[in-house]
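Same chain, two partners: chain A is paired with chain B first, then with chain C.
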Partner chain A sequence: MSITVRVPTPLQRLTQNQAEVKANGANIKELIEDLEKNFPGIKERICDETGEIRRFMNIYVNEEDVRFLQDDTTPLKDGDEVSMIPAIAGGRQ
Partner chain B sequence: MLYLSKENAKELAEHSERECPNEACGMLAGKDRKVEMVYQMTNRDKSAKTFFMDPSEQLKVIKEIRDLGMKMVGIYHSHPETEAYPSPRDVELAFYPEASYVIISIKDKANPSIRSFRIIQGEVSEERVKIE
Partner chain C sequence: MKLREDQIERYSRQILLPNVGGKGQEKLLNAKVLIIGAGGLGSPAGLYLASAGIGKIGIVDSDVVELNNLQRQILHATSDVGNAKVLSAKERLNNINPDVEVIAHRLRLTSENILDVIKDYDIILDGSDNFPTRYLVNDACVLSEKPLSHGGILKFDGQAITILPGKSACYRCLFPEPPPPGLVPSCQEAGILGAVAGLIGTIQANEVLKYILGIGDLLTGKLLIFNALDPSFRQVKVPKDPKCQLCGERPTVTELIDYEEFCHVRSSQTLSVD
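Coming up: the complex of A and B.
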């Protein structure tokens, strides 16, 4: 099984400057673990200390926001494309 | 230096006023630091103090900008009641070092102020905005 992962610019330092990498996993959680194996340090940029996807990291499976699917249990299949895009946000609080 | 047309600047001020009291947000597309298109986006927070760009719109617009052969030159948001300067939270959540962070203050409704910043690893530096 091979999933294409699009890596955002700020995280490319961890993927040897690759904007696109291949990974495996039956769901988003497993995919993140697989990425961590190959690119140590990437998980903590995507997930918070409880293991949940950070609020300010948008993850899409084939252009669908996983928040509208099943978050980190969203299933993946061979050939899926996962995009990780930091949110655009800010404010006074 | 960020180049903005008078029409683009007017659109930013109008968008900020229309969303007031909430913060407005959007993307600026173009080439070579020159803005060619303004994308008004939805602030999912619908808040006077924070903004969170709608993630689905964000992905759609990023792809559109790429397909048009342009770049995301800037990210803008409004400060309805405060100066056009990045807040600590704005700095913390600035994940795009390649972009200009444009802030529109409509504190003085008659004279909206548009300023632009680069935010790189927590360091804020102001850049000139040339409106022509």
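Coming up: the complex of A and C.
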């Protein structure tokens, strides 16, 4: 099983500057654990101390926000694309 | 309202469009748009909106032009360095199109003044640069039922969404909470490619024009994501969140709050809000 993960710019330091990586997992939780194995430090950027997905970091399976599916138990299947999209604020400066 | 000869000539290439026409041009000339921030997003947006003949454009900004702004804030010129951004913006837009009444709001938006500033405008374009202002603008627009075009940029990335209060997801439906200070860097810390600001600001202007003209689909209920390096445009769905604290089924935010406190920025940094 192979899931394509799109890594947001602020986290690419942890993925050796790769914008897209492959990972495995039957659901989002497992996928994050698998990412953490290959890219140590990435989990704490995605999840808070209690293991919940941070509220300014949205995770999408294909085009759907997992908050409106089953959060971190949202199931994944081969070929899915997972995107992590953080809030960004720039504009005026 | 009857278009003058010179207006028919000036706007001929858009009047030609089947879903614009003379009627559409009149809508644009009667429209009132508020641009928050005369910076990387507000600059391209302002240029296109003034060129298209928006009748009244308000610009909110409290800052002066700095040399390091000119790489992307294309409303301002080298000779404007040290002057108020709203003044160089007004001068530039007036030069492009004397049809446009430009209102310079040289102030910093706060919970106390924002409702009064936005009340006379039909639609708001947010080109601010920090989370407290973004949530302030979102909440003020939803509470006063003003349509809002939101754009954000950082490094090589851009995001845009259009918010029709009560009808489509708001910024809090998309991001219920701001990141803690320091976790997501600002453009000042991380950098921004000028053309990325140009693209997103132009997309925001395009949303405003479509809203006024009543044509096409808006970026409502979806977030447009641009990456300059791929290069790619993608969209993800943004449903209205029934649990949204502002526009959900049981709202807990029913008036404007203290946004610096909400974003935990008061003690850790000095804010330069518009």
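What we mean here is this: the second predicted complex is superposed on the first by the 87 of 93 C-alpha atoms of A that agree within 3 Å, B and C clash if a C-alpha of one lies under 4 Å from a C-alpha of the other, contacts with A are read in each partner's own complex, and residues count from 1 in each chain.
The rule is simple: contacts are C-beta pairs under 8 Å (C-beta built on N, C-alpha and C of every residue); 3 or more make two chains touch, one makes a residue touch a chain.
What you see is a predicted model; the values in this text were computed from it and never measured.
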item	value
Chain B versus chain C as contact partner of A:Y60, first or second or both or neither	both
First, second, both or neither for A:A19, with chain B first and chain C second	second
Partner chain(s) touched by A:E52 [first = chain B, second = chain C, both, neither]	neither
First, second, both or neither for A:T9, with chain B first and chain C second	both
Per-residue touch tally on chain A - higher for chain B or for chain C	C
Footprint overlap on chain A, comparing chain B with chain C	8-10, 56, 58, 60, 63, 65, 67, 83, 85-93
Chain A partner contacts - residues on chain B that touch it in the complex	23, 25, 27, 41, 45, 47, 49-53, 55-56, 58-59, 62, 75, 77, 82, 86-87, 89-90, 93-98
Residues of chain C defined as touching chain A within the complex	37-42, 61, 63, 69, 126-131, 134, 151-157, 159, 174-179, 183-188, 190, 192, 197, 223, 225, 227, 229-230, 234-239, 241, 272, 274
For the chain A and chain C complex, residues of the former touching the latter	8-10, 19, 45, 54-58, 60, 63-65, 67-68, 83, 85-93
Residue ranges of chain A in contact with chain B within the complex	8-10, 56, 58, 60, 63, 65, 67, 83, 85-93
